[in-house]
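Every chain is named by a letter (A, B, C, D, E, F and G) in the order it is written, and numbering of its residues begins at 1.
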Amino acid sequence: MIATIVWTIVIITVLGLVLAAILYFIAKRFKVEEDPRIDEVEAVMPGANCGGCGFAGCRAFAEAAVKAPNLDNNYCPVGGNPVMQKVAAILGYEVKEKLPMVAVVRCNGTCENRPRTNYYDGLKSCKVKAALYTGDTGCSFGCLGCGDCVSVCKFDAISMDPDTGLPVVDETKCTACGACVKACPKGIIELRNKGPRNLRVFVSCINKDKGAVARKACKAACIGCGLCVKTCPHDAITLVDNVAYIDYEKCKLCRKCVAVCPTGAIHDVNFPKPVERVSKQKPAVVKTPVEKTVKTEA
Amino acid sequence: MSHTFSIGGIHPGERKISRDCSIEAMPVPDTVYISVAQHIGAPAKPIVAVGDKVVTGQPIAEPGGFVSAYIHSSVSGTVKSIGPRKDLAGKQQTTIEISVEGDEWAEDIDRTDSLVTVIPDDNKAILEKIRTCGVVGLGGATFPTHVKLSPPPGKKCETLIINGCECEPYLTSDFRTMMEKGEQVVVGTAIIKQVLGVDKAVIAIEDNKPEAISHMKEIIEKLFKLSSKFSGISVMPMISKYPEGGEKQLIDAVMHRQVKSGGLPIDVGAVVQNIATALAIYDAVQKNKPIIENSITVTGDCLEKQRNLMVRVGTPLSYIMDYAGGIPADAVKIISGGPMMGKAVSNPDAATLKGTSAILFLTSPQTERKIQSQCIRCGRCAEACPMGLEPFLLNKLALNDDDEGLEANAAQDCIECGCCLYSCPANIPLLDVIRVAKAKILGIIKARAKAAAQSK
Amino acid sequence: MTMTKLQLITKGFIKDNPTFVLVLGMCPTLATTTSAINGMSMGLATLFVLVLSNMAISAVAPYVPDKVHIPAYIVIIATFVTVLQFLMQAYTPAMYETLGLFIPLIVVNCIVLGRAEAFANKHTVIESACDGLGIGLGFTLSLTLLGMVREILGTGSVFGWKFITGDGILAFVMAPGAFLCLGYLMVLFNKLAKKNK
Amino acid sequence: MNRLIVSPSPHLHAEVSVRSLMLDVVIALLPAVVVSVIFYGLRELSVLAVSVISCVLLEYLITKYLLKKQNTTGDLSAVVTGILLALNLPATTPWWIVFIGSVVAIGVAKMTFGGIGQNVFNPALTGRVFLLISFPKYLTRWEIPTGLFGKGMGTDAVSGATPLTAIKEGLMQGSSVHDIMTAHGYSYGQMLFSNIGGSAGEACAIAIIIGFVYLLLRKVIKPYITLSILGTVAIVSCLFWLGDPSRFTDPLFNLLTGGLLLGSTFMATDYATSPMSIKGGLIFGIGIGFITLMIRYFGSYPEGVSFAILIMNSLVPLLNRWFKQKKYGRA
Amino acid sequence: MNEILHKGRIVEMDRDFTTVEIISASACASCHAAGLCGVSEYTKKAIKVPSALSTNHHVGDEVDVALKQSMGNKAVWIAYAIPLMILMALILILSSLHLEELYVGLFSIAGVAVYYFCIFLFRKVLAKEYIFYIKN
Amino acid sequence: MVLCLFTVCLACSSVLAAVYVVTKAPIDKAAAAKTTKAIALVVPDFDSDPEESAVSLNGQEMNYYTVRKNGEIAGYAIESTTSGFGGPLTLMVGVTPDGKVYNTSVLVCNETPGLGAKCLTDKAFINQFKNLDPAVEHLSVKKDGGDVDAITASTITSRAYTLAISNAVEAFKNIKGE
Amino acid sequence: MEYFLIIISAIFVNNIVLSQFLGICPFLGVSNKLSTATGMSAAVCFVITLSTIVTYLLNKYLLDPYGLTFLQTIAFILVIAALVQTVEIVLKKTSPSLYQALGIYLPLITTNCAVLGVAITVVTKQFTFGDPAHMLNLGEAAVYAFATAVGYGVAMIIFSGIREHLALNDVPKPFRGIPIALVTASILAMAFMGFSGLV
């Protein structure tokens, strides 16, 4: 009995020490120097791993943020400023406030505005369709309606409106990750400033055709008439290749351009009252298909 | 003894219903619209200005690069505009619009029907003729012929294959060309043979065109008696199977060699030219006539009268359709080209190009895609693929964005023949997906090659 | 983000359930759940080792240099496992026989060493005990659940109480049934867990 | 001009559809179904009915309520599964066991993997093997064929052994193959045209061969897999048999008994669970043939086709990976 | 194609070598339970890649370090398969000689040790062969 | 560091040794109880420790235990192995000094669950062998002309079971003969 | 013949994963790519065989003579841990490039209960081929360990093939990953039951 006890102790101790010696070498070889802040940062990240920040995932972002000298180039579009504040607090950096962004669809070629010229019968994919031809309407710039943007959105923020055949962005869900922007073969979706109290004005068309051609293809097309450019008191609008573009940094939301646009190509969203239209003609916009209006928390 | 290629292939039916209609010249329209992007490679650069008077056969655009081609006016008249116009897919292409006034031809063109069998000896001059006459491959790819006929140094052509397979259902313009202009085709063949310096030329014709086979055999025999320049040309009957006329498949069938992935036919000592291209070469070299017209099959089961028409380049499709009696009431799809590889027309106002070979009308039951279900892994697509690929796998890899897998499984080798999509019982749009994936992979390969070249 | 002791104990039930969520310790989970009672015994055995080793490790952790903590922990854990073996052999020999190989294998159960490394290492004895209790209870619960399902389907009884005459679906007490039940339970569990959230 | 359809090429499509293929399989199975009903009577009919109806119903319910996908029952693949499952069970199987088999076949082996074409294992066989393991009492009781108007649904059916079971049992007692065969009075003619005990589908070899020829003519299946299975069984059993004819059964016996013909014609050729390339198919077949014989000769189960097919099913992804058809221009 | 990829980040670059830190080389580290299971050693390993093969990258870039699959297979072969065969062969041969089991066992293990020593002697050759390179 | 590990090892091994010492007695008792329990199941009441010995039958060694009550031999528990459907089937067969089978229990069974494995649970089958007099009843299954009702669809197992018992009875005769 | 039976039994009839339930965690964790699965299998084979031999000797020449078999658990785990680490060090010292190429597999093996499971089985299990009370000798122990590990490799490789295939299919969302792997393992286990009785 005593022998058993002694042997027990001897064997275990010797084995333990041999093992320890070996493990000691190992441990010396790879010391894991992990910055504990990486875990902390990762913990405050949204965890969507969407890649919207340009890194492989939230952890990769956290590592990059910890390593970087400041946070200028690291911004999580999904978490937005609140998350970045937290990250900054952990790391002791300043964050530049970024204006919240949202995806907008710059096409107003609803079924009514844009008469169909043919039917597409291939794989329901904008990419495939775009590679084949310009689409089933006369407009060769507009939305193809197969919803590539819808399927890439990880946040369920885009859906196809069956009435208009156009995608609709739910601005409460959109995190401005930009996945849809990349997915659209037509370059229709743009990330824009969300705007004060979610008020925005933008040109919902990218048709570069000459006015007459554009108009024939779509009632709501921007025809490049330049009225808005002349009207805008803040020099926010430029006209290139027959389309107007409103620079959101300069736009003061006066909506004068909306009033003069003869085709209703300029959209104003979330404004409480519609603007008085100057042109006699009924605007082509039947319903505002671009954004779901939401109650905003100031 | 008929020959055929060794991998895959399908029998989509022949439907050569316009085979007995001889080629008739179609009246010249009031206006033609000639695109400067009629060939593979850089678009041509217009050399005329708005308001210029032009005559038929006069060059109106010059090559925009090494792989590019001359373009000639197909009518006489005044240049009305030069600017963007929609092609048959609705894309804007720079187009020269010419309103037709009379039918005055450039003087040096020999417009007689006489057969010129004496072939000039100066190969350089011949190539120059081919170049200045804007000859491009008429078998589908419209690759500038003079480039193809100048193999890079070190590469030697051993066999010239003249592609008379016309393996697509419905198409008959090559067949009619062989029947009506067989002599010219053979002389064209002899010219290519001489330019390439090969001893052997094979005219490959599918055995569903027995008349053409015997007719061409007779002509070769006849011409062989005239001159030794016509020696070494033979006719090879091919088993009717789609895509027998595919360049790679044809080389496999005729020479039992396979072009390596990413390689060119010349790597295995082959040059393939279409029947109509051979005719165009004859016209260019012997008659000084550039490509200003081509034969187009106008067909479809729903069409009352089938036709093979000789049409000036740049004629609006709608004009041809009106001439042929308008669009049939039950036609839902108009295809430029054959039903397997042709392009569906979304803009009937688009004009013909040099390479336009057919206008085909299909009805809804013939063409409409059936509801797609899940892949049942029946293997029919893989069995049909003439490149030995696994379309079902490529489809899944593409949907999973697995670029490495796509490249490893040779998505870049797809020749877009459509055999897979045709065969799939689950109606999976295989080729739709693979085509996009192939483009992506080719882009990656190209970028990689470029990077490798840079780092050297 | 520190958790209360209660949270520590309950987190293993759903949120960090070692079987259905973390997918750890699969071997005993599959092998010993031929009946509810076997599953439960295995769970309790693991719980025993987990709690004691967690406590012991958190007690000695401050004095064990970093470099040798793995061997030290292995020794500690193996000791408790062997103690468990002695106790079971002495007082529940039948159950010891049934669970067989899987009792000594508790040593290599990822859960045990994992908790030692990830938790006990850095926490107090009490907290570590709670943590071990929580994870161990979670493990016990899911093993019992799995054992119950397999027993019901496989033999038509629960905890040995037979409620149908005749046989059950025998495959469920055999290897295929183990995998099958675990697979479907995992889906079901995660669905319910998500709904509860 | 707005009725024009535009789509990528090709613009023509072959006539076959999933439904037409499955319909062909059902037609090819009809001889075996008819023969089994003739031999085993109404009970077999009820097994078939329960199996087919529950397979189809389960697929419908699962696609509709659990997966919320497009309904796929119209493609008839569940009907094929149902028929094959039924043909693999004894006619005496109680209806609730058949139902459990369908649940495993459709619910577990097919729909869990995502439905038609996605499954790794043959659904009908998974169902059958599950039942064999779970209810050996019912699955090892074979009824002597009694004919269409023989005994009804009663309990007093005469139960007997299948030839393979008889052989296995006899060998265990130390008899020789020849003695067992003569004791039971088995003849090859009987095996070809029926009247031996076994699952309904193996009752009559001729009926299955007719189905095989039909499938070949309709180009639904390729002969490689089936023939390589049969060839392997023939050759390997021949070797064993020549070695010791008292312990090992002869090739013809092996070809005609058990579910070998049924399995190699209808189950090993299932698209989703067999290799794509010819070479892969040959190896697949050889594997099935070999494993089947090993189980028959040395294992404790008298019959091994089902297991052999399932085991080789699991290798299909690897076979597909390692044995691809030759690509053009790639040595 | 046929490569084993490791995600890594460049930590150092000089004219000859680019040092890449492999972030999740261990399958464990990317495992869902990594946080819980301390044994899985979330290791960072530095791998040196010839700089010539990694054009236009910068310190901090996330890159894929690739090892040719055939190389990976060969590595597995050299490190495990061959010693395993040696071990089995020795055990079987020696035990068929009816030696005392202790010696059979010790000799076999010694055989493996000798094998590893041989690898040690050839380490230069191996080092050349197992080149890692940076992808994209 | 070494010291620390040393301490841990020392502590642990001491704990182990201590627990070992404490539990040694109960463990040995439990192990002994296991055999005794198996024996007690198949023989009549006894008060002695079972005596283990072996007997050979047709060249095969068979283990058996002799138990006594008040010094008198109360019975023999004979381990008997035959081959069943799924492998060896080992029984403990209790035989009373007058040569009757007192009871049987299964030690090793690899039979198919639901079929042969019923020999562990099927009361009707097992009870046939309680207090069975081999002189009166014919020890083989009905199919082979004996008196034993086989388990449904498991003739092979039943045969093996029966054979094991009759082997034990034969062995008993040898024991007696010695 | 004995060896042959051991091999068939260990690979097919009593497959370590599909019927003995050992080493399931890495089996589920590392079997999603064929290349990793192959590497892992080779590593496991080597480690299982080597450590079985060592623990066998330890048991026979150290524990058994001194009546210490109750220390098996603790002694074996220590030896195995040390052994795995030794291999790692040896590899690292001898050929750093080799080591870099393999780094993935080693840490996984330490937590693999298959290694300890086989080591314990070998010294406790009685094999019933012929003689019911026969304990394995060293040669048989090595063959048994090797064959068991090959069985692990076979299961792993088959499985990785299936999982790579499943990754391309649309398995219903809740089943993706581990659950479908378990269902697959279930059917595979059923199929492997066909081998029962082979030895």
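Just so we're on the same page, a contact is a pair of C-beta atoms (placed from the backbone, for glycine too) under 8 Å apart; a residue touches a chain by one contact, two chains touch by 3 or more.
Everything quoted here is computed from the prediction, not taken from an experiment.
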Hopping along touching chains only, can you work out the least number of steps from chain A to chain D?
1
Decide which interface, B-D or B-G, involves more C-beta pairs in contact, and give its chain pair.
B-D
Chain centre separation (chain C, chain G; CA means) in Å:
22
Using Cα averages as centroids, what's the distance between chain B and chain E in whole Å?
54
Distance from chain F to chain C - Cα centre to Cα centre, in angstrom
34
Report the inter-centroid distance (CA atoms only) between chain B and chain F in whole Å.
88
For chain B, residues that touch 2 or more chains besides their own:
344, 346, 367-369, 429, 432, 435
Could you check chain D for residues that touch two or more other chains and list them?
1, 3-8, 108, 114, 118, 130, 133-137, 300
Contacts with two or more other chains occur in chain E at residues 37, 39, 41, 43, 45
For a test of understanding, state which residues of chain G touch chain C in their complex under the given definition.
18-25, 28, 70-74, 77-78, 81, 111-113, 115-117, 120-121, 174-175, 178-183, 185-187, 189-190, 193
Which chain F residues qualify as touching chain G in the complex?
12, 16, 20, 81, 86-88, 90
Chain C residues touching chain D - in the complex, by the definition given at the top
167, 169-172, 174, 176, 180
Spell out the residues on chain D that touch chain B in their complex, using ranges where they run on.
1, 3-14, 16-18, 20-21, 70, 72, 75, 77, 114-118, 271-272, 276-277, 324-330
Chain C touches which residues of chain D in the complex?
100, 108, 130, 133-137
